[in-house]
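Each of the next two complexes has chain A plus one more chain, namely chain B in the first and chain C in the second.
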Partner chain A sequence: MKIAIASGKGGTGKTTVSTNIASYLAETEKVVLVDLDVEEPNSKLFIKADLYNKEDKFKMIPQWNQNLCTLCGICQEVCNYNSVIQAGNTIMVFSELCHSCYACSELCPTEALPMIPVKMGELTHYKNNNLDFIESRLEIGQELAVPLIAQTIDYVNNLFTDDFIKLYDSPPGTSCPVIEVTKDADFVILVTEPTPFGLNDLKLAIETMQELQKQFGVIINRDGLGDAEVENYCIKNKIPIIAKIPNSKEIAHYYSRGMLIYKQVSEFKEQMEKVKRYIINSMRGVLK
Partner chain B sequence: MKIAFTAKGKDWSSSMDPRFGRTEYFLIYDEEKDKIEFIDNSEANQEAHGAGPKTAQKLFDLGAQVLITGNGPGGNAASVLDKMELKIYIGAGDMTVKAAYEAYKNNQLKKF
Partner chain C sequence: MKEIVIISGKGGTGKTSVTSSFALLAGKNAIIADCDVDAADMHILMQPDYEIKEDFYSGELAVINPETCTQCGICADICRFDAISIINNKHVVEPLSCEGCGYCARVCPVNAIKNIDLKVGQYFISNIKTGTKMVHAKLGIGADNSGKLVANVKNEAKKLALKLNKEFILIDGSPGVGCPVTSSLSGAHFVVLVTEPTLSALHDLKRVYVLVKKFNIKAACIINKWDINTAVSSEIKDFLKKEGILHIADLNYDEAFTKAMIQGKAIVEIEDSEVGKILKESWETIKKNIS
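Entry: the complex of A and B
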């Protein structure tokens, strides 16, 4: 079972939900939590676990060999990402823009653009009893999150069978990195806040999930803040509201200390219990 | 001297486009021939990534000696432009093309 925890808007509580539900579920189930917000992973702040494995992740980019090059211009023509540019008698490669498609390298008539590996990030794997926690972190200066997300999901799927509950903490938004995280998921939990901003971005996220034909439900975080429009919208459109986490200073207090909230605040734990039941029921195929 | 302007329109009275990579047009003014021509760059807006280097490549082929723009090219574009003999002046983003040219002639623009 693979569950992505996403949102349209940033800062709605994806990591709060991911880390708490992962730890809570791990009290009885086998759980893998994967922080795929590779541009700024932060789940580790809340997870106490021991280092199990660390590996560098690479992507392949072309490297120009001036001696072999005839300046025919094919490489620049075939690059869809503007990462190969011919400037006079120089071929420039912008590795951050490269999607590793190999077109320039394969189509070069003189093999002047061999592909070489460059480090794009680092994957770290921690363990704590029933909970495996994996995060990937993009190198500073790297622009593309998708290849690192894809390789991290491959790592998880190679190591863990589908009887594990795999929770993917997604980046915010609705762009390529979010698609990469959610396209592999059986179910998506959208975390939002009851404000006009939360609603606007929730609608975008819902549209995206419908386009991907994903099953999804909503968690309203900081409930009591703002207005009732998010809830009304979900009811009107028959979107399941999985849980409503109250807007509480106590919750914010434990969050700010990097503590797991369900262990401290009972009303928060009640909501995690709802999420847990929802996930377990989904696993059993009760929910359609 | 061939001077390139990043512009939102096709003639002297057009507003400058403060952006480099995603500028709508280039206006190229050939001082010797006193001729102005425009190049449509609107396709750069279709680029998800790499509009800067692509536009820089285009400018490279146009062979201008001076570029007058607003915010200035970003890092990738600048590294392409660096390969050509090009003087870049910035800070003309709020002017018309005509005013930008006058400001350049009066040494009122900042060198990039």
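Entry: the complex of A and C
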């Protein structure tokens, strides 16, 4: 069972929901929490667990071999990302733009652009009883999050069978990194807030999920802060509202200190219980 | 003409609320650019008229012509994105996996694969309520290349600012440290970092500042909701001091932000707002520091 926690708008509470529901579920189930917001991962701030494994993640890029190169220009011509540029009698490779398609390397008639690995980020795996926690972080200056997300999902799927509950903490937005995370999920939890910005970005996220033909439900965070438009929109469009987390300075304070909230605030725990039931019921539906 | 970029690392710290307030304060002297093309929200507060709408094409998508395809499978062998699969004995491209590298089309022995240009979104040039123009965009669903759309929004804003002889370009950036943020930072003169006193926001601020340093841009910081956790606020201030980042303001936690948003307003449009007053001072500080 794979569940992505996504949002459209940033800062609506994806990480709050991911870390709390993962820990709460892990009291009774086998859970893997994966922080796939590789540009700005911060689930680790909330999870206390022991280091189990750490590995560098690489992407392949071409490296110019001056001695073999005839400056025929094919590499520059076949690169659709402007990451291989011929400048005078030099070939320059811009690794941060390279998508590792291998076209320049394999179409080079003199094998002057062999592919070599460059580090794009780090994966760290922690364990705490029933909970496995994995995060990846992109090296600053690397622009492409997708290859690191893809390799992290591969790592998780190689290690854990689908009877684990796998929770993917997704990056914000609706573009390629979010697609990479959600396309592998059985269903998606969209976390939003009851404000005009929250509603606008929720609609974008919903369009994306419909395009991907994903099942999804909504959690309204900071309920009571703004207006009722988000809730009205969900009801009108028959979108399940899985839980409503109250707007509370107390919750904000525990969050600010990197603490798990369900252990401190009973109203919050009640909402996590709703999310848990929703997940377990969906899981039965999926496994049937 | 000076480009000011507002970013945060972490999402939801108040970038757009701050940017829209500065837009009100700068009035006709600025062109506004909403570079958070993934989840653009400035239009909610700026009353744009969508005067000009343009489709934006970037990147390619491979398409296999089933009439000429001989099902030899070379394309699937060389594709590094597993984007070509066999459905009903026919090779087809999965559009969400295809990264448009064009390799398959180059090696197909019977030229059965074409690359089509991909529409990744739309961008708009609008007249807005502050008496100036805003460039904004909507990224297509699941589209790649948001970095290029950001670059395009910025270019259009720059052209307008030069043509109309404006003093500032105000840029609302996106969260993260990846390609859209890099595109917003490139060529900027001043960065305003909007953060909040949470361990997550501080962590993300530190990461995004590494990127800002690579671009060698002068930076200032606003701590939003500073009173939610004064201990973390102090930690943030220590970080700012150590890095030589100008600390321009602390904003109280104030639900008036949201109330203003519901009325389609920036906080500086609300009379007697304490936070509004601080933002007015902040804008003056930024103007002083930029020249």
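Everything that follows uses one rule, which is that the second predicted complex is superposed on the first by the 285 of 288 C-alpha atoms of A that agree within 3 Å, B and C clash if a C-alpha of one lies under 4 Å from a C-alpha of the other, contacts with A are read in each partner's own complex, and residues count from 1 in each chain.
Please note the rule applied: a contact is a pair of C-beta atoms (placed from the backbone, for glycine too) under 8 Å apart; a residue touches a chain by one contact, two chains touch by 3 or more.
None of the values given here were measured: they were computed from a predicted structure.
In the superposed model, A:Y81 lies in contact with both chain B and chain C. Looking at the shared chain after the overlay, A:V93 reaches neither chain B nor chain C. Once the two complexes are overlaid on the shared chain, A:E143 sits against chain B and chain C alike.
After overlaying the two complexes on the shared chain, residue contacts for A:I239 are found with neither chain B nor chain C. In the superposition on chain A, A:H253 makes contact with chain C only, while chain B stays out of contact range. In the superposition on chain A, contact of A:E207 is made with chain C only, not with chain B.
In the superposition on chain A, contact of A:M1 is made with neither chain B nor chain C. Set side by side, chain B and chain C differ in how many residues of chain A they touch, and the one touching more is C.
When the two complexes are laid over each other on chain A, chain A has residues 81, 143 in contact with both chain B and chain C. By the touch criterion stated above, chain C contacts chain A in their complex at residues 9-13, 16, 38-39, 41, 44, 59-60, 78, 80-81, 96, 99-103, 106-107, 139, 141-144, 146-147, 174-180, 182, 196-200, 203-204, 207-208, 210-211, 214, 225, 228-229, 232, 253, 255, 258, 261-262, 264. Every residue of chain B that touches chain A in the complex is listed here, in rising order: 47, 49-51, 53-54, 56-57, 60, 76, 79-80, 83-84. Those residues of chain A whose C-beta lies close enough to touch chain B in the complex are 76, 81-83, 85-88, 90, 92, 94, 97, 143. Taken in their complex, chain A has these residues touching chain C: 8-12, 15, 39-40, 42, 45, 78, 80-81, 99-103, 106-107, 138, 140-145, 171-177, 179, 183, 195-197, 200-201, 204, 207-208, 211-212, 225-227, 249, 252-253, 255-258.
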